[in-house]
Amino acid sequence: MYSDEKVFNKMVERRRDFHRYPETGWTEFRTTSKIAESMTDVGMDIRFAGDFVQIEHVLGRNADIEAQVTRAVIQGASPEMIEKMKGLTGLTAEIDTGRPGPVTAIRFDIDCVDTTETGGSSHLPRQLGFNSVNPNCMHACAHDGHTAIGMTLAEELFSEKSSLKGKVRFIFQPAEEGARGGFAFVKSGAVDDADYFLTFHLGLGNPTGTVFGGTDGFLYSTKIDADYRGVGAHAGAEPQKGKNALLAAASAALSIHGIAPSPDGLTRTNVGVLNAGDGRNVVPPKAHMKIETRGATEDAAIYIYRAVMRILHGAAEMYDVKLTTQKCGEAISATSDRELAKIVMEAASSVCGVDRTDLIQPMAGSDDACWMMKKVQDNGGKATYIGIGADTKAGHHNDHFDFDEKAMLIAFEVLYKTVFMLNGK
Amino acid sequence: MYSDEKVFNKMVERRRDFHRYPETGWTEFRTTSKIAESMTDVGMDIRFAGDFVQIEHVLGRNADIEAQVTRAVIQGASPEMIEKMKGLTGLTAEIDTGRPGPVTAIRFDIDCVDTTETGGSSHLPRQLGFNSVNPNCMHACAHDGHTAIGMTLAEELFSEKSSLKGKVRFIFQPAEEGARGGFAFVKSGAVDDADYFLTFHLGLGNPTGTVFGGTDGFLYSTKIDADYRGVGAHAGAEPQKGKNALLAAASAALSIHGIAPSPDGLTRTNVGVLNAGDGRNVVPPKAHMKIETRGATEDAAIYIYRAVMRILHGAAEMYDVKLTTQKCGEAISATSDRELAKIVMEAASSVCGVDRTDLIQPMAGSDDACWMMKKVQDNGGKATYIGIGADTKAGHHNDHFDFDEKAMLIAFEVLYKTVFMLNGK
Amino acid sequence: MYSDEKVFNKMVERRRDFHRYPETGWTEFRTTSKIAESMTDVGMDIRFAGDFVQIEHVLGRNADIEAQVTRAVIQGASPEMIEKMKGLTGLTAEIDTGRPGPVTAIRFDIDCVDTTETGGSSHLPRQLGFNSVNPNCMHACAHDGHTAIGMTLAEELFSEKSSLKGKVRFIFQPAEEGARGGFAFVKSGAVDDADYFLTFHLGLGNPTGTVFGGTDGFLYSTKIDADYRGVGAHAGAEPQKGKNALLAAASAALSIHGIAPSPDGLTRTNVGVLNAGDGRNVVPPKAHMKIETRGATEDAAIYIYRAVMRILHGAAEMYDVKLTTQKCGEAISATSDRELAKIVMEAASSVCGVDRTDLIQPMAGSDDACWMMKKVQDNGGKATYIGIGADTKAGHHNDHFDFDEKAMLIAFEVLYKTVFMLNGK
Amino acid sequence: MYSDEKVFNKMVERRRDFHRYPETGWTEFRTTSKIAESMTDVGMDIRFAGDFVQIEHVLGRNADIEAQVTRAVIQGASPEMIEKMKGLTGLTAEIDTGRPGPVTAIRFDIDCVDTTETGGSSHLPRQLGFNSVNPNCMHACAHDGHTAIGMTLAEELFSEKSSLKGKVRFIFQPAEEGARGGFAFVKSGAVDDADYFLTFHLGLGNPTGTVFGGTDGFLYSTKIDADYRGVGAHAGAEPQKGKNALLAAASAALSIHGIAPSPDGLTRTNVGVLNAGDGRNVVPPKAHMKIETRGATEDAAIYIYRAVMRILHGAAEMYDVKLTTQKCGEAISATSDRELAKIVMEAASSVCGVDRTDLIQPMAGSDDACWMMKKVQDNGGKATYIGIGADTKAGHHNDHFDFDEKAMLIAFEVLYKTVFMLNGK
């Protein structure tokens, strides 16, 4: 049996290491390398995404891969591991007991959020010196914790392999933010044979000690990159010769945020990034926007997506600029199986520090784990998205985000016990 | 006497070299180094801006100086020269004849425009391989030509020192774009003793062969950096907790471009750059805008500046975000002295290739040389801003801009002859 | 006992008469006159709003009352009745049995929507010749039906007075649209002594034959009139002298519709009307907006109201115009009592044509009947808002709206039977 | 010879009468009637517009003509005169001397501005009780003065008929505001035979005592009515079913005011009126805008017109609403003939109260008299647009506008003397 203290200390150490070196989706080379090294060290079989993911299913992988690899190596990634990755991040590790039994897949997301961490003196990561060193990269959604839990859980369960049956697969998925990685992993067959699928999230507005067996209310989502291309001109001498891409984007952004809500099913949209213009005295010839849409139902999702696209085109006409768009991420909705959620609740009930358990938490966000949940369910399996409460210092994605590390031990134990309930010999 | 062909070839070579390595205002370390080396080679006295400019007069110097110095050295700047610069770019070189006579100061601007040069195959700099290697930096306003002319003119006049009287000072000014460098140079006393002040611009919509003795109609101008600071939040789960800096900036940009024109004196404003947001699914917590205002009269300048500031503040209130602004550039208006302009016209009339001369060209742009013109005039001297026509491939600041290099020889000869008319023994 | 056919025909006739002469809130002089005449004819006691409503509780009464009175008389209102109204519309009529028993108050809203009825040939009111003759006035929310039902119900119940106990009060409330009338009626004490409070709505997306005992999910709401006052100027010759109220309003409208939704409780806002400017070639010196806000909870209501007010002020600053605002309507939320809703369900179950009954319908609109519901509940009474399904040709407030008149008979019978269950001897 | 005092008093009386009853373009029934009665009284031949203007050349005549005729009669128009008008306002009156000589046409514009006159106590028209009684109608551009001058000049010159030769035609043109009437009058042949064409304007920023022989710099102009048609819906319950015409118009208005200025020739545009929406709680199904464009050159005029149309279409796409547009006014540019302007200057030089005369005043507005000027010039005649300075209390079109009535006598005398110089026997 594992030692609580040892497990907890290992997770804290790992989480802080990942927190210091956050990597945005499809660039998690250092993170993948660290996971791969640990899994290999204990003797587990691993498969890199580069070995099973087909490139045509990869969404939103726009980073300068070469530069990112260089950075990752400088920051401690193993060059040999990186070579094996073939440019794609993420991996799976598996415990194959050799005994008949169910296949249980557990997914951990490993990427960071594109935001710059606060340098404020009251921010714990800064006080303790593990704040992000990568600009515009921050673990502001607890995936550093998820990854640390996943690695540690894999090691501890692997050491109990003789008490288990069937298979337990650990999926370390890249690029959850932007809903870019889940689709490719599902298409690669990573959960095709799974009887049970588990994933989880820390925080989500619930305090440390709360555990939900499942989660409902995931939103359909698309991620759109939009580019306006106009014509630059001297803004003082001949502004009339320019075609202003910045104003097209500004006008589109205001209108997109003004799309009427749909009561048929909650809708959300966000223009998260707008970068436009070259220089102060040049009519801005180009603008780039990162947009997302969300809808609680397929109809609502289509409604909001179409409205956004129509606005983007209309603004292009208004300002006589050219529009190109790219769908670079997509998530669907899925429902947690009640039976499986009940098993998780039961597992959670005996975990130290858990003072409230409930079947289902409502949600109004997106997670591309839904692709996996739906795939498993379509194949006749059961899937659930566990909610592990964790006190937080600020909302998810906020630059002051930080979570109560004690929740990691709760997550570890809930998952550990659930796996034993599903795959115990 | 100089050889036309040799002078022309030297200017072309230098201009193309500068074109390949454009440097934005206050980072012209390589350019300053190259000028300094040439001036020193022929034996002229030079003074670096670092030796006479006071830092409190420097506007809009926000670049990462250390990184720029590193880049400049990699691109061929002399480390010794750079050390002498003490972090500030630009320099003056002087011919002191030792004989009584007027002091004539000639100003050349050396910085580039913040835009990315086209990669189009019909673009001559690309065809001939001297297109910019520095991202978002391009000599799209002919300052590469100005610099090449200035260096060559200084050399040739220096070799005729014995035929001259008084002093001829060559001012290589950094950071003309954004009206950031002129003010500091004037405050340093660079033109305090000048009896005559000359500067010029290639192009400005006039064909090769046209020369104007002076220019009128310069616009007052301010350069404003505006930053909105809001609050990030998960755009799907709790958008109401965010304060959206991107929308504040978008709203301000639309309103700024809608400020009513003032017939009391032409007004212009431009939001040239807008960068907002961190990530696609985060309510954008910050936005940065680069804005400029222009006015033909002091009243018009004040009108448009106040309107912009009012809009910036109003949009902050609308979106409940914090605003900080910084004035990082400023230019005034000035008038060319007719007497001096007539001398230039006379000089131009005998220059080969000049087929049209005129006294004054009208203008609707800004140039911080006006600070120098006004200073010289206030001290009782004469100043003019010469217009040297040059065919261009696209408007100034456009990414397809390129000018007819033959105009450089015309500029050289007009200035050479003018100096002889003013300072000839 | 009443005759279904006679009752139905009377309601149809009355509804179509009201439909032809729709009157916006606080101008229902003809409607009030018709109700008063009918109630008086059968011998009921009536009290005009002018006799009990205090003017300081009246919200959003901006119409030209004199002109409206003139119009009403031309359209058939009784001059004597109008004189008794003292300028305020609405009335109550009461059956006082003289026997001990509960006081039951039933509320009927009588005003129209501010929209112009379609002239389309497929529109039944037009085909049958009872379409609106009053511009920008249309019974597009079924209050014509409500009024007809109320009058007929009062008459029929009055004729059964001997079988009843306690009191039954019929409240014909003006100005429900815009949430302007309910508050004043409550403040006047109209429901202070009520043991039971009933009101209802036809349609609301449910088909004919459906009856809900109660309704939940009413939204808090405020109605805001905002006026910008700028300065006019000749738009061609001296636009810079103007202060543009139209652009301030346009900018505010776009931003108001972009307020982030609050998941803590649904929020809604609408700029329903924007009228700005005087003439084509004048910088628009004034703008008027009619805005509403809604929130599912008090917190959500405060959030959205404050955001709107902040935007209105910010836009005033942006465009240097003056802002005045007036809160001219307000509604709160209320919950239907389950016990009373069950009684209604029971009554409905035996009504011919009812094929589905349910306890509570969810709602996402506002109704100022909630002031009355809350008052009765605060006094220890029971209140419910009954849902009477009715097929409609288009959404509520749409200019093609029309409802299935058969639903009026269902409403009549449900209410009739419910009253007998509450006040039957 | 005329008596200054009598003439002045008559003009003041007439001007104040017209000021009290201002009439917008194509509804000047009372004004036309008053002019017709006076002209007839002295025995002049008159022709009503209804007798020579073809309806297909009439632009922007959207008023409810029947209602306006009723109003005009109530306000003192002669029913017989109105019958002769056949629905069209404006007229010409002619002095035909029967002697050979030039044909001189003088044009007076008679319509008001669409704005509501201030009720402020410092406003002279209010103090003296001749402020406008017609809502949204105000003589805020001195056409009341123009009309009074024209009538009085016609009478006085007619009384000197025996001293004149050729013909003098007085054109009282409707609908100058919005550039709606001039085109129709030219098309009707009203100036086809004119050798000289004179018109004038009071004020225009010049003080009383200043006279300009001519005016240059008139702007091309178009007047566009734009209508968006969307879909109404209940703003709280089903906003997603609406198509928001108000936001389309708001977005278009902001973008139209942000069209980049053209230095090739001054451009102007104005969204002078925006009326949108039906009711507060209805998604606004319709919006109406009154827009104008102006350009100093034909190219500039085309540039700005096309930009406006593109924006209108783009905003329609953004908000999924239907757009219809109508060009309801158009003016061109024209240049004053120097020879004729000199004659006017000479005439002015001997007028009492004139203390400054100049040849040409620059202009940045539009006047559809340019259609007449151009027609006369194309036929070989001479035309000029005289500037008569007048002190004003506020800018033209401002609701506080009022002008120094003494300028009317100057205008009268300048025109009187000019006519004698052209048509004196």
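Just so it is clear, A, B, C and D label the chains in written order, and each chain counts residues from 1 on its own.
As a working rule, contacts are C-beta pairs under 8 Å (C-beta built on N, C-alpha and C of every residue); 3 or more make two chains touch, one makes a residue touch a chain.
These numbers were taken from a predicted model, which means no experiment stands behind them.
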{"item": "For subunit B and subunit C, chains touching each", "value": "A, D"}
{"item": "More contacts between chains, B-D or A-D", "value": "A-D"}
{"item": "Between subunit D and subunit B, distance of the C-alpha-averaged centres to the nearest whole Å", "value": "48"}
{"item": "Whole-Å gap between the CA centroids of subunit A and subunit D", "value": "66"}
{"item": "Sequence positions of subunit A contacting 2 or more other chains", "value": "237-239, 244, 247, 251, 254-255, 257-258, 260-261, 263, 268, 283, 364"}
{"item": "Subunit C to subunit A touching residues, read off their complex", "value": "254-255, 257-258, 260-261, 263, 268, 364"}
{"item": "Subunit B - residues contacting subunit A, complex", "value": "113-116, 136, 177-178, 204-205, 219, 221, 223, 231-239, 241, 244, 246-247, 249-251, 253-254, 257, 268, 270-285, 287, 290-292, 294, 329, 363-366, 395-399"}
{"item": "Residues of subunit D touching subunit A in the complex", "value": "237-240, 242, 244, 247, 251-252, 254-255, 258, 260-264, 267, 283, 303, 307, 310-311, 313-320"}
